[in-house]
Amino acid sequence: MLNGLSLGAIYALIALGYTMVYGTLQLINFAHGEVYMIGAFASLYLARWTGVEENPTLPGVALVGLGAMIFCAALGMTIERVAYRPLRKSSRLNILITAIGVSLLLQNLGLMMFGAIQSFPTLLPETQWEPLPGLHLRSTDVVTLSVTLVLMFGLHHLVERTQFGRAMRAVSHSRDTAAMMGIPVDRVVSITFAVGSALAAAAALLVAMDKHSIRPDMGATGGLKAFVAAVLGGIGSIPGAVAGGFLLGLCETLVSGYLASTWRDAIAFGVLIFILLFRPAGLLGRSTVEKV
Amino acid sequence: TGGSGGGAEAPKEVVIGQYGSLTGSSATFGISTKNGIELATDEINAKGGISGMPLRMVVEDDQGKPEEAATAVNKLISRDRPVALLGEVSSSRSLAAAPIAQKNGVPMISPSSTSVKVTQQGDYIFRVCFIDPFQGTVAAKFAYNSKGIRKIAILKDVKNDYSVGLAQFFNETFVKLGGTVTGDEAYSEGDNDFKAQLTKLIAGQPEALFVPGYYTEVGLIAKQARQLGFTGPLIGGDGWDSDELVKIGEDAIIGSYFTNHYSVDDPTPAVQNFIRNYEAKYQSKPDGLAALGYDAAVILYAALNDVAKDPAMAAALGDRSSDPAKEEAKKAARSRLRQALAQTKNFPGVTGVITIDADRNANKAAVVVEVTKAGPKFVESVPADGGPAGSPNDGAPPPTNQAPVAGEAAGAVPAPGGVAPGGPPPGPPPGGPPPGAPGVAPPPAK
Amino acid sequence: MSGTDQRIALQITDLNVFYGPIHALKGVSLAVAEGQITTLLGANGAGKTTLLRTISGLNSPSSGSIRLFGEDLTGDPPPARGASIPPSLLSLVPHRVARVLGWVGRPGLAPDEIVARGISQSPEGRQVFPNLTVRENLQLGAYVRSDTAGIAADLSRVLGLWPRLRERLDQLAGTLSGGEQQMLAIARAMMARPKVLLLDEPSLGLAPVIVAGIFETISEINREGTTVLLVEQNAHLALRVATMAYVLETGEIQKCAPAAELRDDPAIRDAYLGGGH
Amino acid sequence: MDAPSDSRLLDLQRVGIRFGGLRAVSDLEIKLVPGCLHGLIGPNGAGKTTVFNLITGIYRPTEGDIHFDGTSLVGEAPDRIAKRGIGRTFQNIRLFAGMSVIENVKVAMYRHAAGSLWESVLRMPRYWRDEATIHREATQLLDTFGLLSVADLGAEQLPYGARRRLEIARALATRPKLLLLDEPAAGMNPSEAHDLMNLVRWVRDSFGVSILLIEHHMPVVMGICERITVLDQGASIAEGSPREIQNDPLVIEAYLGADVEARG
Amino acid sequence: MKHAAVYLVAAVLIAAIWALDAWVIPYSDFYITNIVIKIGYNLLAVMGLALVLGFTGQFSLGHAGFMAVGAYAAGALALHTGLPPMLTTAIGGLAAALAGLVVGLPSLRLTGDYLAVVTLGFNGIIIVIIQNTPFLGGAQGLIGLPLATTFATTWTWVVIGGLFIRNVLNSPTGRVLRAVRDNEIATRSLGINTTHAKVVAFVIGAFWAGVAGALIGFLNSSLFPAQFQYDRSIELVAMVVLGGTGSLSGPLIAGAALTALPELLRPIAEYRMVLYSVLLIVMMLVRPTGLLGSRELSDLVPWRRWFGRAV
């Protein structure tokens, strides 16, 4: 169970990035998975460069995480500026292609620069305890879960309660009308990308610390699953992304654990399709019935 | 080396084509192989090439995709007109390329495609690595006989042909030997959470885990298995061979075993020379793929040298014009090269003493190594004869002597490059062997 | 009512706007006097919406200028040299570099800067944010402002004008009726405390009883000191509340006269007031 | 006071629909005799468009029954209902923006083409015959709507008024018995609305369709409708001739307002 | 005369292809031939997707799944029954069409990105099924298929497919498909069963994808599930969008260009995928509506009109 939850938490963290961008631009940011990958490598090199790798301390790790988040935020904003903004007036499908291009580019660059795989140092002590008989808690799982939940509530607050969040939702409905209200659309979009990308970096650091290995294609697999989770939960919805992530993580873990692991992906996708057929806008998505 | 090329008026060179994954997610495999081949090529060229003609290597990328491999080979054969082809690591890519090499009569040597089917594509297709059934058998026998393991569980990469093949042959042999496979689970390349599968496997209380995957996942699997309280060893195949394995798996993977083509701590001068030269050139330790690439190239060059003894053949090999009249001669030379390759016998490669059998597979020993903090440590060597005798697809008789056509055994060709010429089998290595004997030597005692 | 020394709030001079090959505005010049309601009439597709969007900075004119109390809101026309470069590529080039190369001119003000200068708009077709509540819509209207007290005061002011909205403050705007949405759209534009309010067809699709109410409110807003540029199909009502009127036909200003005068103009009667009525 | 039931083309019997807690339409009765031009007016949000959506099957009534030509429409899919002979236009114009004007009309004639997909893929004689017929009929229809000169233009290039006309033409191309028009005059100035009014009347006369019309332009409604139903908050508050409606105090209070000039 | 034009054009083109195959191909560079074949089967897949995505507006991210169905159906049949590959290619297409029906029916409740995800999931499921079916070779691949794909067979299929799709597009059904893309509700209000129309598009698109897949198997003599992962689906989407949605010739040009591009970039070896992705971005930025937008090549080349829009 807990395995599934912490796996799901990671999916959820990445899914938040997809969902936020979708929430403002109605765009599937295909390059998001690669931003997540870059986040992992940025953390690694930052840890090396700052010496946190040799003598890890909690503030040190936090600093590395912050650095990686800032780096990815800048990367996300750059991607948006270079590859998406020029096509704002074209259809979403066309932006999708530049997104795919960016994703391919980052992945190939990653392969060239980082090689196939790199090991990630142990930065936080790993402890395990058993608060209840049979329930094994690992420190990394607890950290992952709590970080995810905190970020989810934080984001939810940002989107629902702040003027910036209102602006995001306004931009999502109509960029022109939002501009007429005096909302600086470009800046809102940029910040959305920055926040989403920073979340991906946070997820990447958590995964890297837990699994101790990072690879340039981790964005492709992790990104795809997270994207599926975002849609499953109802893309555009913050709690939906988290719910979708947990559901997918649990589903995969349960299938591998109790059914045939060879069929895991098929069953996970099967569940996805099944759910979408009954809730065509995802678990928590608002099904926006077109008013005729 | 004989330097008398027949009537070389124009500068001639012997073109070799190589294809592999230089881009894409398996790029590191292709690049390792390429490095190994490059090293061998440089060594030959430093010694004057083939009958005085330099070797020229043309490398094409296949992005790690079968269809691209076919295109790359088409390009090589039609544009660069190589005398032979080297590639690929992955069986799926080799399989897509092999029919083209076969159709055009260009000998192709795969350094490390282990699927049985690769060389079945035609008589121009060779390989220098052992095949899945053999490796699976070796691992099973090692587990059952040497380690006394009776209950084992398997965790394979369901997306990977290599992993699935190895798991299958391991399973068959282990059961035949009398062992029990307590569980058989799968993951997919790129996963990083295996706890669900491991929980299930460990519940069957196996003494060891057989994990025939790539090091990219194995390190994580080991860690997570330990977290779940599993204490037995993990056993795997040559896909484990990388420095990163220990870095990722850390303590969890120490004390596990895998079968491999060669062992870096093998003190044989041939091996040590190779390692030294490789490190000098690339500033990194050669992995198994580099060694196999090296061996594939060296065996090819030995055969080329052999063919080039005939001046007419040498001229055809070095011919680069697209003159159709000369095409016939080139064809004959390639065919002759194919024969020479087929007769390779007891060739002292870095990855063992290689004999090409009637199925054009490499008949050679496998080594079992233990993962230690200092790197892989040699445990034992399993000779081809003893190993795959029962393997289902290996119908040919183990001693692989073909009727020699040209009289010379390939093994008699001087070993190229820094590899010290040593008659097979090499004598006991100087400096005192570690417990257990070098991989290239006939097994010490078993 | 209108003196000659009236200050000009919005001065539009020789404005040209294109949609690709379509020449939507052909040298339009127009002046909106401070404190008045100026109306712009014209058939469908005449370019009225285009003009309002251009004023708000959503379309960029190829030439001409828009001045708010003398301050130029428009940039330089794009130089010919930049025309051959796809705009999507051009936007990749840092603006300063592109200007030095002569690919782009001085940029006009961005929509949000224009709102901050004091022009806000209630767009055609209402365009309320359907998934936001009425209150949130109104809060967004005041996006460019930071004077919390002033915003609160204006909120109660617009809610005073439209008590219906006060009843529905926490309802999602998408579920309001058409008339209520129209009220919300105007109220939202008011929240920016504009000097000039642009209204694009506020009576579109509204029931007659509501239309009358809306026009009353417009007059009231104007009495409170807001300058209004009103685009309207319902010429009867528009000419009744407005001081000056312009007639736009296929992108060109056809007529400009005091509203009262146009009401009696037979040509206008035929074209816009529906012959026999 | 109604026409005999057998001659009713459309018969809404105590129809109602709920969206969550909201009763958008309740207990509504509308009877339409063949060939009549019936107006449906009411304040914004009264449920007029919802009535159209109920008739055309986009919403399914939670109460009551709708009969068309003697059989019930409830539960049928929108395309089946349209096939039975109900065409409509939309409050927010819904043309096929990526297609030319004439193609917009030709799509509507899809069901008149007898040939199968195979016949068109293999370009069999029937395909050519069908295409020729469709082209002729579409051209004719565009001609009568004054759209022939713009037949090859993209639909989104049309000026607003022409789009409205095209939408009506497209609906007519399905050869409906009943045409539902949702605010065809919205966004038109009085004189344009006047022209449209004549067009609608002419359509009724020359195509022999019945028309149910939603409109806020009182001159149009009062000028051409033979009967009018007034909706308020989902329920009918009045029904009768234009004259009766115009003077109904309930209607004036809820909808028309006291201001005479607003009525035109 | 005009009515028979399509047959005439098909006959002439096919005759030309076979003439080339007999008299030119044997003497030409078979690397180029191989690329031309690759372009051919990619075009078949692309034209199917152009119909589904470009014309019907259904965002399918699982087109490679249909290719896999066709490839494995055709390959396994040829391998296990010995039926001629040309015949099994057609059967592969039909199997893929059936898969299109199965996917199409439930998926059509969904729109936009949700449909994309479901088709993506379907693609994934197909791959897992193949991996776990020993009869299809699993991860180790289906090996030893007859080498039957040649220049002539591929391009004969391309000509037939191209004319097929073009004829569908210029037919009442084609108009309906575009109407569905532009406005589904309005289409239904015209008495047209849009679900039916969308399924038809899926089935036709899947058929040609299946044929393309089958050709791949018979070209390489082997098939691996990894060849039909979703990255291939995405590549096809890129071809369609880059060519222009709502255009048939545009995606075909883009398909050919994107197939040939990596070959042109061979000289830069390791960097070519990097440059490839950069070029993909740049091409999209230079032509933000795709190569031809929603126009066709014949709209740009006036002399085509002399032939009465036959092609």
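Letters A, B, C, D and E name the chains as they come in the text, with residue numbers starting at 1 for each one.
Here is the rule we use: contacts are C-beta pairs under 8 Å (C-beta built on N, C-alpha and C of every residue); 3 or more make two chains touch, one makes a residue touch a chain.
All values reported here derive from a predicted model rather than from experimental measurement.
**Student:** Kindly list the shared contact partners of chain A and chain B, in label order.
**Tutor:** E
**Student:** A-E versus B-E: which has more C-beta pairs touching?
**Tutor:** Output for the comparison: A-E.
**Student:** If you average the CA atoms of chain C and of chain E, how far apart do the two points sit, in angstrom?
**Tutor:** 49
**Student:** Need the CA-centroid distance for the pair chain B / chain C, whole Å please.
**Tutor:** Centres of chain B and chain C (C-alpha means) sit 75 Å apart.
**Student:** Between chain D and chain E, what distance separates the C-alpha centroids? Give it in angstrom.
**Tutor:** Between these chains, centre-to-centre, one finds 41 Å.
**Student:** Indicate the residues of chain B shared as contacts by at least two other chains.
**Tutor:** Touching at least two other chains: 23-24, 27, 158.
**Student:** Listing for chain A: what residues touch at least two other chains?
**Tutor:** Where chain A meets two or more other chains at a single residue, that happens at 86-87, 90, 108, 112, 220, 262, 265, 292.
**Student:** Residues of chain C that touch two or more other chains: which are they?
**Tutor:** Residues 88-89, 92 of chain C touch two or more partner chains.
**Student:** Which residues of chain A touch chain B in the complex?
**Tutor:** Residue positions touching the partner: 3-4, 7, 108, 111-112, 115-119, 122, 128, 138, 207, 211-213, 215-218, 220-221, 252-258, 260-262, 264-265.
**Student:** Over in the complex, which chain C residues touch chain D? Could you list them?
**Tutor:** Within the complex, chain C contacts chain D at residues 22, 41, 43-45, 175-180, 201, 204-213, 233-237, 240, 270-277.
**Student:** Along chain B, where are the residues that touch chain A in the complex?
**Tutor:** Going through chain B, the ones touching chain A are 23-29, 158, 185-188, 190-193, 195-197, 199-200, 215-216, 219-220, 223, 227, 244, 247-248, 250.
**Student:** Of all residues in chain C, which touch chain E in the complex?
**Tutor:** Contact set of chain C toward chain E: 86, 88-89, 92.
**Student:** Chain E touches which residues of chain B in the complex?
**Tutor:** The contact residues of chain B facing chain E are 22-24, 27, 59-61, 63, 65-68, 70-71, 74-75, 77-79, 91-92, 95-96, 99, 103, 115, 117, 120-121, 158-161, 163-165.
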